[in-house]
Structure formats: C-alpha cells, structure tokens
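Each chain carries a letter (A, B, C and D) given by its place in the written order, and its residues are counted from 1.
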Amino acid sequence: MIRVSVVGAKGRMGSHVVEAVNGAADMQLALALDAGDDLTAITPDNTDVVVEFTVPSVSLGNVLALVRQGVDVVVGTTGWADEKLDQVRAALDGAPRESQTVFIAPNFAISAVLADHFAKVAAPYFESAEVIELHHPTKVDAPSGTAIHTAQAIGEARRAAGLGEMPDATQTDGGSRGQVVDGVHVHAVRLRGLNAHEEVLFGNAGEQLVIRADSFDRISFMPGVLLAARKVASGAYPGLTVGLDHFLDL
Amino acid sequence: MIRVSVVGAKGRMGSHVVEAVNGAADMQLALALDAGDDLTAITPDNTDVVVEFTVPSVSLGNVLALVRQGVDVVVGTTGWADEKLDQVRAALDGAPRESQTVFIAPNFAISAVLADHFAKVAAPYFESAEVIELHHPTKVDAPSGTAIHTAQAIGEARRAAGLGEMPDATQTDGGSRGQVVDGVHVHAVRLRGLNAHEEVLFGNAGEQLVIRADSFDRISFMPGVLLAARKVASGAYPGLTVGLDHFLDL
Amino acid sequence: MIRVSVVGAKGRMGSHVVEAVNGAADMQLALALDAGDDLTAITPDNTDVVVEFTVPSVSLGNVLALVRQGVDVVVGTTGWADEKLDQVRAALDGAPRESQTVFIAPNFAISAVLADHFAKVAAPYFESAEVIELHHPTKVDAPSGTAIHTAQAIGEARRAAGLGEMPDATQTDGGSRGQVVDGVHVHAVRLRGLNAHEEVLFGNAGEQLVIRADSFDRISFMPGVLLAARKVASGAYPGLTVGLDHFLDL
Amino acid sequence: MIRVSVVGAKGRMGSHVVEAVNGAADMQLALALDAGDDLTAITPDNTDVVVEFTVPSVSLGNVLALVRQGVDVVVGTTGWADEKLDQVRAALDGAPRESQTVFIAPNFAISAVLADHFAKVAAPYFESAEVIELHHPTKVDAPSGTAIHTAQAIGEARRAAGLGEMPDATQTDGGSRGQVVDGVHVHAVRLRGLNAHEEVLFGNAGEQLVIRADSFDRISFMPGVLLAARKVASGAYPGLTVGLDHFLDL
C-alpha cells in the first residue's frame, strides 16, 4: 500500500485527490492537511508520497519544507518558473533520504498530455496544422497555456523536419485567422457549457488528422495524479521531474 | 421532362451541371452553351429552364438577355449587388411570358443552407454562440462570406430575442478570439486537404449544440441546382427569388 | 414574479430546479416538497406553476392531485404511456380553474430537442442518414430513447418525401452496422467520461451535414424547465401539451 | 534524383503516382508501364525504385520478377497473405543486387497510419475505447480492415497493460452496440459523400481523447508513397518491410 498524504486537502483539486486516494485499491490516505495545518506532521514514518495542490504563493515553501522532512512530493499547483525549480533541485541535493523525488506537472489530464505528444509526433508529416482550444467563458486568458505549448511543439517539430511555412493565401482576414504562435495559427473559443478542450488539425492534400482532448471536469486529473503518485513511490525517478509525459510510455 | 439549357457549360460548375442534368430522370439537356456561343439560340421552344454559371462580369448581361428571350433562369454565378438585382426585377416586369422566373443563389450546397437556417432558429435559446469556418489554404478571403452571413443571422436572432452580450471574461487574447461579427466570434481555419466547412457552436450551462456543414467537392452543389431547376420549372415562383432556403421546406 | 413550487425538491433533478428557480430574476420559489410532504399545501393562492420531478410510480397521482387543486404543472418525470396521458386530460376537463395547464416533456435539454427537430427538417434532402448516440457506460439500455425517436422522425420524413432506401452495398458487417430503426442505422457508444450525446449525420454526394447535441450535465435541463414554467404560467397553452418543441419557435 | 518507374501507371492509384512523381523535386519518372507492357524493361540502369499498384492476382508475380531484375519495389497493391510474403523474402534472398528492398503497405495514408499508432499508445491509459469507421456506401465490407486492425491494437495494448474489460452496463442493445473485436466495440457508418474515415474514442472519468483520420480522396496516399520511395531508395531498409509505420519517426 502506498501511503499518500494530501496538502491542500480541502481545496477544489485536493478534495478530489483525497477521494481518489480513498478509492484506489493500492493506496491509503495518510494525512489530509489544509491551510493552517502543521506540515511537519508529514514524515517518512507515515507517508510515502505527498500530493500538493495549493496556490502558487505557498507551494514553493511547502515543497521545500516537505523535501527537507524527507518525503517525496507530487505537485499539482501551477506557477513554476525556472528560478523556483532551481530551488527545488537545490533542496533535493541536500535531502535527508537517498534518491528523494519531486514531480511537478503543469497538466495532469492524460488526454491533454497525450494530445500534446501526438501533435509533436504528427507535425513533421503534414503541410498544414492549426490549433483550436475551447473553454468555459469565465477563463480570463486566451489562448490557453496548453494551446500555446502545443503550437510551439508543432512549430519546433516542423523546423526540425525542415518544413517551411504552411500554405495560406489569405489576403485579408479581419482577425478571423487567430493568433500565430511559432508559425501555427491558434484559435480560442469561449462557450458556456464547455470546460477545457483542445483540437489539433493536421492536413495534407486529400487527408486530415484530428487530435482532440476534452476535459469535462477536474476529476479528469485524478488518473494522472494517481499515476504520478505510483511512479514517484516506485523510487525510479530520483530528483526533479517536470511533466506527466515522463511517466507515460510514449 | 424539364428541358434544361446550360450557359457556361464548359466551366468548373457548368460541366457538373451538364452531367447532373443528364443523370436526372425527370430532365433532359437542351442546349449547352459556353463563352462565344450565341445565347439567342435559347428560346421557350427548346428550353424550360436555363442554368447560368459564368463569371460576375457577364452574368447580369446573360440573365437580362435570357429574360427578354422569354425563358426562366437559375443563376449560380456570384456577385449580385442590390443594383444588379433591381435590373433583373425591371427586366422581369417587362418579360414576354407571363410569370417568368429568375432564381439566384449565393450557395447551392443544401447542407450549408440548412446549417445557416438551423443556426438562426437555435440562436435565441443559447447563452453562447461561435462560428468556425474551415477552408482550403488557397482561399484569399477570410472569414468566408457564408460564415459572416451565419454570424449576422445569429446576432440578429439574439437581438430579436432580447439576449444581451455573450459571457466572456477574456482579458487578453493576442488575436486568438477571432473576428467579431455582429457580436459573434468567427474563426477561420486554413488547412490543406479541406474544401469548405462551417461549424456553429451553441452553449448553455451543461449543454452544447453543434451544427456542421461539410462541402468536400463542388459536386455537392448539384442537388441544390436540380432542386432549383425543378422549383423554377414548376411556375410557382414568378419574379425574382434569392436564396435556396426559399425552396426548402423549413 | 412567477411563483414556482417544486415537487421532488430533494431529488437529483428537483434540487437543481430549486436552485434554478432561486436564480431566475422573474421567479420566486413557493413551496419545495419531497416524498412524505403534504401535496395539498400547494394551491393557486401560493403557486402559479408546479414543477414535478419524482418517479414514474407516483408521478401520475401527483399530477392528478395537483390538477384537482387548481394549479398548473410542468412534469419532468418520465414514463408517460398514452393511457396515463388520457387520465391527465380527463382531470384537466374537470379542473377547478379555467384553462388549466399540464406540460409533460420527455426531454428538457434544448439542444437535444432542437437536434431532433433539425434532423426531421433536414431528412428529406439527403440520400443517407445515420444516428450515433454516445452515453456513460452505466446506462442499461441501448440505443437511447432519444436516438430511437430521432431515427423514427428521419424515417418518417424520408417516406413523406418519397425517398427510397438509403444506398448501402454492405454484404457482411459482423454487427458493425448497428441497429436499424425505421430504415435508419443507429449506433450506440458507451464511454467513461461521457454523459449523453447524440450525433446525426446526413450525406449527399460531396457534402455532409452533422447535427450534434451534447448534454454534459443534468444542469443542462434547467433552461428548458424554466422556459416551460414561463410558457405554462403565461396561460397560453391550456390543456395538456407534450414535448418541449411546442414551446420553441421552430 | 530518384528515378521512379510505375507499374500499373494507368490505374486509379498508378495514375496519381505518375503525377506525384512528376511533381516531386527530388524524383524523375523513369518508365510508366501498365497491363500488357514488358516488365523486363525495368532495370537498375534506368530505375532506382518501382512503385507497383496493380491487382492482387498479378502483384506477386510482378514483385518477384522485379526483384529478380535487381530493382527495389514499393508495393501498394493489397492482398498480401503470409505465404505470399514468404515468397517475396525468398526472392530477396537470391536477389542479384546487394541489400535489395521490397516495401509493402496495406495503407499509405499517413493520417490513418498515425491514428493507428496513436491509438495503440493511448490505449493503456483509458478505461473505455471504441472505434467508429465511416465510409462511402459502395463499400461492400464492414467494418473496414483498418478499423479491425485498430481495434486489435487497442485490445492487445490493454491486455499488455493488465486492463480488464471496459465498463458497460448495457443489458439490451438491439444490435446498436456494434461488432466486438478483441473486446473493443467497432461501429461502421455508411454515408454518401464520405470517403474513408476513422474515429477512435478513449474515455476516463471526466475526460475524452479523440483521434480521427479522414481520407477525402485517394490523392491522400501520395505523400506516403513518395515517402516510401525515398526511404527505399536510401538503401537503409534492405529486405522486406511491411507497414508505413516503419518509415515514420514514431
């Protein structure tokens, strides 16, 4: 049994994690802490892996403390700039236990991570590629970070394959052609009823390949979180790892 | 048997019309004329309906001449400004035969015409609506005229229903939110392999309605052309009619 | 203000109705009753419209009682055979108030009701039509009642238009061609993560029309429930009406 | 310049290959032969790679003869049972030139080959998976060989990952749940206007991944054919290779 503690256990994501851990046959919930609780209660004696879902302003502090206390951490909180990652690496260098692990993922939705990977693999083989992301209308930024990341991955793969610019005879577009990210047109739709969706379209003469990832609910992140907890608990990934794709067999 | 003559019979569209008329059990091909041929050969003695698919610069002249020669006309050529339509109406007023008919359609694709109609009907019942059009990358204008028309129809239907602005918390979008036509966001995708496609998305809390029209090939216009020829030949639509929706049971 | 009482207020649907009524600017919640509560508390003095979402075994009794108490009813409970509808009509004939109203809908999702209607309108214009419904894997029946209804509507519209059988050269299919309902192939997908979705595909040479309705969550029924409550409260639909399409401007 | 000869040059596929070779900057057309032409004209003196698109009844003989004449072959003709492949391998063992090459592909559509590969990679990460294939209504077999292959790949990947049966509470389905291939439900749609399309749906609680390959036209096979010709001409794949996936960077 993998003993999992949750930090941010009463939050939107954390409460789902508590439920998911309780529902997993190979896991048991150790400690469930939230703001105000004493983090030092989490030790290697009671916990194999901590799942941390809080807010960017406190997450770094939590992770550094947990590393010092000798436990492995899976981090779902966003906002990890390079400078913060360096601090985590430094903490891991001086960690009390051998091969201690921190895993950080900007996105735990397996479908989104796979879509991103597939887009990168497919990109060299198509003349055209565009990205459409669709979200709920209360999202304040457009396009989504995921869509920008996908577009950059496509752009990079095209350059590496020696592909030139995509065909496009458009002379006037009134803004309808979207934002160009690394040579790839990105379109953002905002629609009541949707949650978080991405569609990548690839085209050659006579054919199209479409890769679409739909996240209908934040519960969709749980399989990724549990997968990460298992991988981290296995001890096979000492040090800092960023991105769920490292834990998928791609 | 409806006797159909084709003007522009060697053109991209006209050649398909010749084939479609030859394949229709209730029609027979009368005259097939192209540039340089004598239009006066077409008369009520040999022709019930003329299908005219040429270019905007000669279409008006053709239609006026044909009306004066006493035949009914189905026009697929584009570029009909109001002033041109007035000339056609005037010609019809002085036409030699009783209840002579001219029918002009900006789009003969039944799926596109239905999609446009359905979008207008659905619009009052949804908080959000956006339009995505997708075309081959050699198209010079974006968004398509069809997409603009659909967006305007949605905008109008929303106003008539007393709906306000759509929910949209976007603060920065880098152009990814597309062009706003009458309050409706319109996105244009250009992809090798595609031909002409339109997708209209409607959303309410917890639900989505998607209407999509795909034209893979210009042969898709033929059922609409034949339908129009039959309706015009029926004599039930004297005068000028614009738009295939008038011939569908909506 | 429309005074709305809810019967079945603690149920899965009823609790959403209570919330939706509380959130509607033109409505106020009168009584919220559940199993065991006294239905006779609901009278014209405190209630304009009752929304009834219970179970088939008690719904008929509730509706008959409410009609006798002189209030109008919107019914979301399913399982209304013709014989039950006749009992409701009889009760309405002897109702205490003038032009009393009962409205019953098998489906309150506006997108599904519109999709069904659009399918019926489009059917006469296409050679081919098929229906794909997609649901969560805990659904016990396949295909969905909605998909069967849509297929029947398409079959009927084709017959009325004099269309023959659809083109299909299939010689062996191992069951992959799905169930044939009134000449229309119906396919049922069961996929974890989905809720209730229907896609209707229409095809002619060179073109396709796709109509898709997605219900991600039962909250999607609320706009339809509120719309029905407003229509019933308007007094414009005395007697029994079945089907949300009667309240849409189609 | 890669010198390419085409066998079956007047056929549906072969004529597209001739055109594609003529349009490729790094290739030149050597000989274009069709039924009745003398195959012995093709030799290493005039040809680097032969593309063979004929019919199953003559293809094996053609390939064996070409191998004996010392040229490399890309084969697009279908119908290659194991026993035939063994004959090709034997011919290659006794071939006149060092490292002679034969490449056979059941499918040259890059989008379809990628979709198949992606389905296999994604399969271990999802509770549910189903396959929908959609084709023109003149196809005599259902489901398509590609769909069966995809379903088998998914079934195999699920077993290898230790996944059990997919969740499915269906009690009665009237045939709507399609054909079960290796535990995976496969649905076949036949619709006028479509050509060859495959959609693979994967689902977990709260999320969906959709991979869709559309072949609108047989011209879609040309990028795959040219890619194969280049790979074969490179000399890097001596012997027999089956499947375009071997030439993609997956």
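Here is the rule we use: a contact is a pair of C-beta atoms (placed from the backbone, for glycine too) under 8 Å apart; a residue touches a chain by one contact, two chains touch by 3 or more.
A quick note: this is a predicted structure, and the numbers were derived from the prediction, not measured.
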Note: of the two pairs B-D and A-D, more contacts are counted for A-D
Dup interface of C-D (contact pairs over half shared, numbering-based), picked from A-C, A-B or B-C, is A-B
Whole-angstrom distance, CA centroid of chain A to CA centroid of chain D, is 34
Chain A to chain B, mean C-alpha position gap in Å, rounds to 46
When centres are defined as mean Cα positions, the distance from chain B to chain D in whole Å is 39
Expected list for chain C, residues touching two or more other chains, is 126, 193, 202, 204-208, 214, 216, 220
Listed in rising order, the residues of chain C that touch chain A in the complex are 193, 195, 214, 216, 220
Listed in rising order, the residues of chain B that touch chain C in the complex are 109-112, 114-115, 118, 121-122, 124-126, 202, 204-223, 248-250
Within their complex, chain B touches chain A through residues 126-130, 132-134, 137-143, 147, 166-180, 185-194, 201-208
